[in-house]
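First chain A sits with chain B, and in the next complex the same chain sits with chain C.
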Partner chain A sequence: MADNLLDIHNLKIEATVRPPGEKPRDITIVEDINLSLEKGKVLGLIGESGAGKSTIGLSPAGYGRGGVRITGGEVRVNGRDILQSGARGLRQLRGKEVCYVAQSAAAAFNPAHRLMDQVIETTLEHKLATREEAEARAVALFRTLGLPDPEHFGDRYPHQVSGGQLQRAMTAMALCPQPDLIIFDEPTTALDVTTQIDVLAAIKDAIRETGVGALYITHDLAVVAQIADEIMVLRDGAMVEYGETRQIIESPQQPYTQALVSVRSIQHRQQTPAESPLLSARNITAAYATGLPDVLSDVSIGLSEGQTLAVVGESGSGKSTLARVITGLLPPREGDIEFDGRTLSAALKGRSKEDRRQLQMIYQMADVAMNPRHTVATIIGRPLTFYFGLRGEARRKRVLELLDEIEMGPEFYDRYPAELSGGQKQRVCIARALAAEPKLIICDEVTSALDPLVADGILKLLLRLQQTEKVAYLFITHDLATVKAIADSIAVMYQGRVVRYGTKSEVLTPPFDDYTDLLLSSVPQMKVGWLEEAIDSRRMASQGH
Partner chain B sequence: MNTIVVKLIAQRLALGILLLLAVSVLIFAGTQILPGDVAQSILGQSATPEALANLRREMGLNDPAWQRYLSWLGGLLQGDLGTALSNGQDIADSLGGRVANTFFLAFWTAVVAVPLAILLGLVAVRYQNRWPDKVISGSTLTAISLPEFFIGYLLIYLFAVKLGWLPSVSTVYDGMPFIDRMRAIALPGATLTLIILAHMMRMTRAAILNVMQSAYIETAELKGLGGLKIIWRHAFPNSVAPVVNVVMLNLAFLVVGVVVVEVIFVYPGMGQYLIDHVAKRDVPVVQACGLIFAAVYIGLNIVADVVSILSNPRLRHPK
Partner chain C sequence: MKLRNIPVTALIGLALTTFFVIAAVFAPWIAPYSMSETVGEMWASSSATHLMGTDNLGRDLFSRMLFGARTTMMIASLATVVAFTLGSVLGILAAVLGGWVDQLMSRGIDLLMSIPTLIFALVVLSVMPSTITVLILVMGILDSTRVYRLARAVAVDINVQDFVEAARLRGEGRAWIVFREVLPNALSPLVAELGLRFIFAVLFLSSLSFLGLGVQPPEADWGSMVRENRQGIVFGVPAALIPAAAIALLAISVNLVADWILRRTTDLKGGRGG
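Then we have the complex of A and B:
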């Protein structure tokens, strides 16, 4: 046991919460966690938000975010209980033995300093090398991690490189002082799927080459399956299951793990598009201001009544801009939009109340899409009064009906958004959109901010509502698994253009164009060894060319 | 230097010059609206109408306002501020030494006060909500709450009367040795420092605390850096812009707001000169002083803008 890099025994972590108007009190957020990690091995910590995975993950650095503190148990790094080492001892530990890679490298790099200065800062701070040696080490790491122009990469400022490159630079920053343990906190979650695969491969190579041990925190089981030797599944601050990666993925023992592994099991039978579509956008070209480059060029799509068109693409592909054009928030430079047999005015101002009623929207961030000072009843009730003039008892009855439709009980009637979970908030937003009895709902990344199981529930709800209400969805997402689950038709967007468009079976059946192929092959599969296969087949394909 | 930064700075400079022109128009117009007649005030109540008319013609008072403005402006551009009515002396000559004195006091006060305020701000952040923070916040707030004449007389009482370390009257003259000069301005400088310290220190504290929530501060903590190093190296460079703005406002105060302190310490600066001449309704002097104050204000704010621009790495190093 003395050989272990990391040993955690009976870890207990508490936080102080300060509810407004009440006395601060301590709550236990993590309890009874035991784990150990050998040198050079990778342990995946997986769970939904609130599972305590980041809190546990940061404990080897003796660090707690906000009012979080470790109140019990032992955390041994290289055989030493770091909880007894005091502030000075922790500073010696951090950046020397234990390093950290944050979720959003874009926020975790200081905008005021060059990358090189930040990457070698720890090495110099702990006097582990001279500046020349540290810089040479950093350049070597930039090369290992596949960064462009490694000799001069460090001269740049964080805003001058892309998100994927920053995430690799952050890994280089963690590796530079040659620590024994690195904590990876969702390092690829903020990246596009085609970038994620490269960063993932780079991290995996770097771990293997340097022999560093790692804790890999993520909510994505398919990702962690590619990189971890062992996986610990967490829920509500407690351990659910802990075992070899292959065992967790292939024969999970606990029901919760089984649910995580089999998530996205939704079956949806594809409907064929009708003769005359409900919505058709024709030859849309749009820019955010005259003189700025076009964000959409010559985009044409159609959507039939009661069906789902998934618009899929990476960040910057123009998919959200398309939604803004259809809603009238951004009048296009060219092209027109036909809806329910009539041509819609390009600008929102020219659209009638009826036009607006029939076209509703649901957003990615449910909590900022609602007024925090309105109750659920007010939020759902407002469109009822605005569009149908419902008041008093009639309005109350309809709100309760809608609450029932989104599978929430009457007890939520008087609640405020802050009292709801993420999934419940999104359901209330769905009810608000449904209250207008629209023919089309634009769903902009509605499940991206949600945990997989919660997202699954939302998708099932949306599909059921489509059956009963005959509403059409324009479903904007970057997540191909969601697309496969619910779409009837798919439009793949890349750099403001639709590169592939058709029914789901057409779009997802080979032969693919290059971009769709790249996109589809980048989605992590819930299978050990997928990453190597994907990278290998990519190398073969590029050699074949 | 890149073109974006050069363009932004050029824009600020052009705007500043335009603003200064606008201010000169306002000052000129304002003094024209004031009741009274310059010729009348020079010659006094007993002057004959012919003498008045002659002097008016001589001084060009019968010309249209825009012509008089242009000739005033033309004089200004050549360094000619006009002649004081009260004593007939050239304004530029008598004002020059006083402006230099005011700037001397302002400069040395700034040299002490600005680094001190920023240092106190950094320390207050480092020990946020602990006793050093509370002591710093409390004492600087007390200092700013007391009127400057009170602080001034208090310092005179302590250091000049009781201890006898420093002179109570800050007389300076040409050819005075530097060391004596510094001794003379020690008390007014200390008074001004106490007045402007709190504002700058609190802004530094607030701006840095704002940045301390950022993810890159957490990164720095997890790198094992010490508290002050994190604040100095990672937080401060990202909070320069708001701090510089407040610093510049306070520096401007050191030039345009020192009147009371100059009077207390009988310091021969611009403020006292201005007060004297306002009392005598000496319009050209008031105009000249007003313009110098405006130039200082606008100049320092341009400096603040330029520093803010230069402190932004996105502008300094575009993609």
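Then we have the complex of A and C:
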């Protein structure tokens, strides 16, 4: 017991909220948390947004974000209760015994300084090593983390390396002072899936080699299963389940954990494409301005009525640009778009009201896709008035019908977007698109910003609406699990080109092209040991070539 | 919204502003004498019959202060309304339309702003007839350049949000985008600016009147009252200081209220009500 690196007993964390026009009051964010961590082990903290996982994860550093206070319990690091240690004690602790790796490495590095100076800064600050020793340590870490040209990697500036490399550099920064405990806060969430696998493997190697203990905070159970020895599942600031990784993944005890493990179990029977497609984009080449390089080159896709075409790719592959071309926001340089038997005008200006009505769009960030000063009634009702001239009671009735269709009650009629949860906001956006009775809805990463269970609900809703309303979806996503769940056809995009295109079964059946293979093998699977298998098979493949 | 949640400074500001407004609205009933009748010695000191004494022509200063409050605040508010309507609508329109329309309007405004307002107003007012309508229009148009800059800056940010794009995709006209999508979201900073612009209008009007190009006698306004009584200072007569103090007090009290509104509406959590 006394040998444990980290012991947390009955942790209670509170925050003060100050609603306008009311007295400030305290709310409990986290209560009754007990955990312990041995040296060299990794504990995964998992939960949805608002579960309190980051709040708990930061407590070993004695830090609370934005007015959050630890008000009860004990947090022992190396046997010392850090809650009693005062500001000077905390300064000694942070950066020396406990280090932190943030979600966005791009925001955590100062763009004006070279990477090396930032990686060794904490080590020098605490006088843990001389400059030469610290640099040697950093180079060794760069090598462990698989960074290119480790001797000279530190000479670069943050903008000169990729996002995945920057995240690994941040891990090096945390490991350089040789701390006992590292807190990883969603270190791979902002990365593309093909990059995530490398970073995960690098972090895992580094943890094993340095023997550091780690708290790994994430919302992605499949990711944490690869790296953690134990997992704690959190919900609404309380512990749901706590156990060995294998037990949590293979035989979860609590219903909530079971739901998390079995998420994305949606089954959708693939439909065969019709003879004449509803939408066909032919040989689209587009750039953001004349003189700039093409973002899309020679892209052709087709989508049949009432079906779903998933456009998959990593960031920068041009998938969102394709959506902008189809909506008319970005007229293409070459190529044309045929919709419902007629050629659409390239620019939005030239499109008729009827064209616009039949082609609706749902955005990734529902927060900013709705006017914060309109009520739900206005947001959903406006297309009804605009396209069909509905007013008064008729409009009200139809809005309520639509609310019912998105599984929300009439009590939401007068609410403002700020009074809705993330999932509800996205549902209202769906209702707004449906209100126009479109033939095609473009869904741009509509589930990416949502927690897995909420996203699951949105996907189910979209599938059900597709059956009742016969609407087609052009579904843009980077998430292959979503694609498998709902698509009829798939277009895989890479660097502005469609590299693979066909029905879902065709695209997902071997033989694969190199990129699709890489993409498919990079998606974390909900099983222990997947990471090693994936890395091994990749090494074998590269040796085979 | 409960009274005790309002900060003390804002309460003081609110109380004083209300006091000034009441004085202005009920001037004809409160004032013991009419605005222009000579009722005593010139520059008499304060007494039971003349609360603040008399001015350079022997008129009752207290009565003139009350009527002056009326003129000053009416002209300043109307000029602010003109500045506001013109500035915010044009500013948002420039942001929504973009391109050469925006360039043309913004450079025109820059041109107008590059001329010192007071000198510009003096030139215009010396060739135009000195009526209150002209005064309000000149002040309003000159002040609208400031509102325009703010409105455009705020609207440019709002204009690129997804909900405005959604409205464009739907095919909404410009009026809907300006008045229903952008304006309600730009309102908080603009309303806070409204208070500030009102103060500037009061000061601007007072400067103009002091220079003799604002409100014309026998009408009373605080700026011209300072002008009429300024020679009294040499003889130790405080008649010029009273309207000057009133201008300062009004400016401070409205500023306190404006500050509070600004803090309330830019607060992340209280954003919607503003």
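Criterion: the second predicted complex is superposed on the first by the 545 of 545 C-alpha atoms of A that agree within 3 Å, B and C clash if a C-alpha of one lies under 4 Å from a C-alpha of the other, contacts with A are read in each partner's own complex, and residues count from 1 in each chain.
Simple rule for what comes next: a residue touches a chain if its C-beta (ideal position, glycine included) is under 8 Å from a C-beta of that chain, and two chains touch if they have at least 3 such contacts.
Since the model is a prediction, treat every value here as computed from it, not as a measurement.
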First (chain B), second (chain C), both or neither touched by A:F109: first
Which of chain B and chain C A:G318 touches, first, second, both or neither: neither
Which superposed partner A:Q92 touches (first chain B, second chain C, both, neither): first
First, second, both or neither for A:R373, with chain B first and chain C second: second
Partner chain in contact with A:P187 - chain B first, chain C second, else both or neither: neither
Touched partner set for A:R18, first chain B, second chain C, both or neither: second
Touching partner for A:E121 - first (chain B), second (chain C), both, neither: first
Chain B and chain C contact sites that coincide on chain A, given as residue numbers: none
Chain B-facing residues of chain A, complex: 58, 61, 63, 65, 90-96, 99-100, 102, 104, 107-113, 121-122, 125-126, 156-157, 159-160
Contact set on chain A toward chain C in their complex: 18-22, 327-329, 348, 351, 353, 356, 360-361, 363, 365, 368-374, 382-383, 386, 416, 418, 432, 436
Chain A partner contacts - residues on chain B that touch it in the complex: 214-216, 218-226, 229, 233-234, 237-238, 311, 313-314, 317, 319
Chain A contact footprint on chain C (complex, rising order): 1-2, 5, 161-163, 165-166, 168-172, 180-181, 184-185, 264, 267, 269-273
